[in-house]
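What follows is subunit A paired twice: with subunit B in the first complex and subunit C in the second.
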Partner chain A sequence: MSETSHKTIPKFDPAKAGNLPKLFLGAGALGLLGTLAGFAVAPKQAAFSYLWAFVYAFTLCAGSLFWVLLHHAVDADWTVVVRRFLEKVAGLFPYLALLFLPVVFSAPMIYEWMTVDPGTDVLLDHKAVFLDGGRNGAGFFYYGRAFFYFAFFMGAATLYKKFSVAQDADGNPHLTNKMRHMAYGMIPFFAASITFFAFDYLMALDYHWFSTMWGVYIFAGSAQSSMALLIVISNACRRAGYLDGVMSVEHNHIMGKLLFAFTVFWAYITFSQYFLIYYANIPEETWFFHHRNTNSWQWLSAVLVFGHFLLPFCLLITQPAKRDGRRLFWACGVVLTMHLLDLYWIIMPQKQINEALHAAGSLQAAVAKTGSIESLHLAPHILDLCSLLGVVGIMGWLFLKSLAQDAIYPVRDPRLPNSINLKN
Partner chain B sequence: MAHGTAPLFEPHPDLHVVERAPLVLNGRSMGWITEHVSQIVEQRAKSWWWWAVMITGFVACLVPLALAYLVSTGVGVWGNNQPVSWAWDITNFVFWIGIGHAGTLISAILFLTRQKWRTSINRSAEAMTIFAVICAAIFPVFHVGRIWFAWFLFPIPNSNVIWQNFRSPLLWDVFAVSTYFTVSLLFWYVGLVPDLATIRDRATTKLRKVVYGALALGWRGSNRNWRHYEKAYLVLAGISTPLVLSVHSVVSFDFATSVIPGWHTTIFPPYFVAGAIFGGFAMVLTLLIPARALYGLHDLITDKHIDNMCKIVLLTGTIVGYAYMMELFIAWYSGNPFEQWVFFRNRIAAPGFSDQPAPYWWAYWSMIGCNVIAPQFFWFKFCRQHAVVVWIIVQFPNIGMWFERFVIIATSLHRDYVPSSWGYFTPTITDILLFVGTIGLFVFLFLLFVRFLPMITIFEVKAVLPEADPHHDHGGHGHAKEPQAAQGH
Partner chain C sequence: MGDTDTRKSPKQRRDTDTMTETQGRLFGVGAEFSSASQVYAAAEKCRDHGFKRWDVHTPFPVHGMDDAMGLGPSRLSFFSLMGACTGVTVAFLLIFLTTADYKLPDWVPMWLHQNYPLIVNGKPFFAFEPSIPIFFELAILCTALFTIGALLAMNMLPRWNHPCFNWDRFAKVTDDKFFIVIEACDPKFSELETPDFLKSLGAGAVEMIHEDKE
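Up next, the complex of A and B:
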């Protein structure tokens, strides 16, 4: 430990980041205040908008934890110089758990099944053991599961951050092995947590609808977008000079390859889910897509096909594109934006569907005239922006604060030389 | 390349704990590798090989015999019935196609991800792919019944103006599997060319020189040859990678596009791919562990290779378990009585736990035991490090993956919506002999492969030797470069 005391540990200096921390904090505070006001004025809209912003942050943090786990499980070399960023993003889970509280409190405004009386809907009664958070029961299992998810994510992220930072002090290689062994055991828990979180808070938006692929679909978007976030953060730090002589164009190349691979993986999963439901054409499954192909929502569906898959696919397909930080940055911007829109497309139509069903009394009545719910329209709201700014701003500010606390990369990881000298 | 300017630290005294095991043991030289691999092809076959090839060749003869009987009599010689109109034929097809996935995965995906440990095992795994696809193709081709009309599958203008139903996943299968076979064959052959030239150059008889010379396509090892080779191999790896995913996804569409409970589930494509890789790696281990022992290849196919493959079996087995759990959970969550019936009454209900046991409960629980529980032994280092234990454990996925396909097909079909049409499938002797025949054919072809072609990629294994690294300290003892704690060197 004494060895490191006289050496300069490369750390992120918030003072050199200009107004960025203040900008994040300001946007976050204003956004959260706006959302709070929104809960007073238009509570239902605020609840949906906030859920959307929260899930965006959740998927980025969960995806980052996935990359940390994968790095250790496969004993990778190349990730070392950028791993600290992933650890720090995943390390935001304790704050994310706090930001989850408004979702818990506003849940009855979002999840229709929480307001349905027992004995009204046979399908809901059937799964009342699982969806027990409303009038069907006390909610111990529903919220207990959420406690478990967050306990796992927080525990795993905190442990990895702790051991990684501890290694900065003494370079203890036993910690590398320890983190590797931990990763093996944590991967099944990670898969279970992200899957059932996706079921509980996204698939349960429409409690009639189901898809076995849903957990994999949400995971695919998380992994893809968190890789894009990693590329953005690491390149920003590289440009700011924090990673001079450490990170090279080779790292961009390998991250670009992974972003490309997960762009294809997302498309594969999304297409498979859509295609199988389309082909079998069973009404209880097709409604999900039918609603999202109604009126202006279908334009967003089309934007996702092109923007979430084709555009990044074309942007990243060549080798120079993956090595060029600027082009990579644009592709990452597209991916991060499209992931946001993908979640918007999942969450927001449900608000209008719920309203239409309430007004008409049943789905059959709501679609009686034209075969679709006529009131479905893409209708962005100012509270969407407030929630997004609030959650992303606060998380961004907390990330920068956290980044400044420790070395910007694992300075004494035994695999660091191999990572620095990476060749694709 | 970045030149490290990061702070220097003293190496930790325990740095050896993160040292990686070398990929070639005992500091074997390049010459030793060439000699050791080539002599398998060059020396007289050992007596065990003759016995093995005779026995498996005899078993393989069951394939033409069973097929001749089938063609001359009709597909009624199989046990397929109504409602189990697909049975062992499609079970065996999907089983063999799945086996054929590990080869291309090892060759293409591990190549693109720069996993150097693939070099000792990729050649034989790719060969296995080709042989497995050959075995697989037999079943759908012959299950059409009138085999002489099989060409109707291809969009060739004909006098009956029959046009193919492009909306059918069964037709997509034809294109997916034939494309996969073609590309896998090309990929395998391109990778063989430099080593075929090595065998040609070492040949001591004229016949060998001519045969291997023709197969080596005039390879001279020139800079130009290597440049073209590297390019072609990379392009084929790029083409093969999506094919690995697409073939089994399309196979899964055969089931999942239908509205049959137990088949129509959205997770099928990635679940089938994971299952195929799982079964494929189990088969690679099944064949390579004995081959390693019989040919003394422990320095090239090391315990580290076995350990890595065991971990992939564990991972993919757990993914398959995840998919089983999702299917069960959503069958319950959906509230769909037909889905629930298939899963809980046709598959799970075991005697002692249900007053109406499922007719195929034994198949379902065999599948769970073999595919989900057995691979969990690979969590223990002991089980991964003893070749005999590994070989025993991987027999379970081999069996379990066959059962998985049988469970999907038979349990969904045998009791459908109308109880009066319920039935039960029992295989006929032709079913059994044909399947046993394909196992014989598969092993027979593999035995021919190890005898006549270099089973390990000589030139690629040389490339992972420490002395192949331009930065290697040639005064060393041939071990892999140790991790360096000091930076900025």
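Up next, the complex of A and C:
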């Protein structure tokens, strides 16, 4: 039994993927070099661009880890044939931790509160326990938390990858139970880690602003876009013939349903966040949306409403759309692009806001003339592209490398037959 | 094949031939099977034979039975969509007529000329943000009601009794037996051949089921 199964272990062959790994590596190297040059020429812009690209990769990996945890916690069986892709994407977390270091070093250029002296802003002083900045950097608690988040993400992703690959060799069903029991304990840590990461590195961009829905908002985007990524990867492998007789249109149907569900979930959360802030009408909260509805930024806000929600919603609402790989692929492209724009919309306006506040001295002075900051404009920069190509290229190359190491699906998972014979 | 029964239309057959002194008119023929795999295989044969008005009754859901019976996708979702559209329309009218500041042309019926602008929390009249939760909730409510209503109507529920219950063995359908019932109004139904057909599929018991006596 083991003799034959060893012979037939289906593995991803990078040689058959043509120029794809080289393309990823080339784009990644060029992009990262460009970003490095950017840090020398325009450090502020480079810091913001890099944060954007990094958070994009981070959300995709964290979302994949979420799907792995969910699969085990609810004892699902349909996921088995595509689970290895999720494990491999989440398994990139150690590299992601390395890519996080530039964010740490450039943080004082991004987060205003790190350079504000204690005692000058009463609202910041109240948050000083949590945002312990003020010495042109942040304190032990701030970075200690980040260490914990990454320790958890790296540990969880590595453990799941390890156990799953170990099961390929011996087919021990005990490992399935072990991974399930681990998942129960890890889900609260996952929720805390992604929520506080979102607080620390995205919400803290504007230290006056706060939203209690922020964590779940970032999570919704992560889960949605990582499902889209899973559909893209698994269908690409299916087309290349790696999943013949294993993955069927039924898997596309079920992943399409989840993508649709999380499209609605993202819209629900995003609207709820906006709606509560709109209704309560507290200045510290409303500025976030006010800035993002100033000048050309409001076009991006509108694009998000239609492109992040309505377009995928309409593309995916019918049953044939979820079963047809080509239509599903387009919807995934839309979701992945819109998630990128969503993060752009979160991060980039803050650079211009910071600059305007420095020039005018205070928010009141900056908005005295017209009621909003007039210098706010959608201003794409070449460094945005460099950082994105750099981070996504390197991660893509690492993913393909890691995919080639083990079987392309968990060949001896006890639930594999159930997953192969999936019927909706 | 030369039998006169099969030449008559299902309607005629129901009205004349099968009304007896003690029983109502013929409802159909029922067949009892003892396992899910048996009834699954039998359902595939019935589908391939071309029966249209027939059903499978099992004590628990059997996966893949839809395909085995040749049932297409359900039309229920159409009613759900109609429910959602109705809900949004009702919500729009409800909010618009009671809070918006508007002037309608004269040809619109008088009762729509409410124009009762209502200031809520200092927001603009008929602002879209506070309206969306109402659109959403009413859309969900109407979808649920339409879906339940259409589900009952398509299953011809509620009803007091069903002819199948006139067959004693059918009570086992909630226990450990599996049934196929082919109705007499099916175009391919034949009083003589269909029971034999069902027996050939491995049915344990085959019996004519009659409706209640009128």
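The criterion applied here is as follows: the second predicted complex is superposed on the first by the 413 of 424 C-alpha atoms of A that agree within 3 Å, B and C clash if a C-alpha of one lies under 4 Å from a C-alpha of the other, contacts with A are read in each partner's own complex, and residues count from 1 in each chain.
What we mean here is this: a contact is a pair of C-beta atoms (placed from the backbone, for glycine too) under 8 Å apart; a residue touches a chain by one contact, two chains touch by 3 or more.
What you are looking at is a predicted structure, and each value in this text was computed from that prediction instead of being measured.
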Overlay on subunit A: subunit C relative to subunit B, clash or fit: clash
Which superposed partner A:245 touches (first subunit B, second subunit C, both, neither): first
Partner chain(s) touched by A:423 [first = subunit B, second = subunit C, both, neither]: both
Contacts of A:120 with subunit B and subunit C, given as first, second, both or neither: neither
Touching partner for A:319 - first (subunit B), second (subunit C), both, neither: second
First, second, both or neither for A:405, with subunit B first and subunit C second: neither
Touched partner set for A:415, first subunit B, second subunit C, both or neither: first
Touched partner set for A:282, first subunit B, second subunit C, both or neither: first
Subunit B versus subunit C, judged by how many residues of subunit A each one touches: B
Partner chain(s) touched by A:296 [first = subunit B, second = subunit C, both, neither]: neither
Interface residues of subunit A shared between complexes with subunit B and subunit C: 279, 423
Residue ranges of subunit A in contact with subunit B within the complex: 3-4, 7-10, 75, 122-123, 126-127, 130, 170-174, 176-177, 184, 188, 191, 195, 199, 210-216, 244-248, 250, 264, 268-269, 272-273, 276-277, 279-280, 282, 284, 411-412, 414-418, 420-424
Touch list for subunit B against partner subunit A, complex: 1-12, 14-15, 17-18, 20, 114, 242, 245, 249, 253, 256-259, 264-270, 318, 322-323, 326-327, 330, 332-336, 379, 483-489
Touch list for subunit A against partner subunit C, complex: 271, 274-275, 278-279, 281, 319, 423
Residues on subunit C engaged by subunit A in the complex (per definition of touch): 63-64, 73, 121-123, 129-130, 132-133
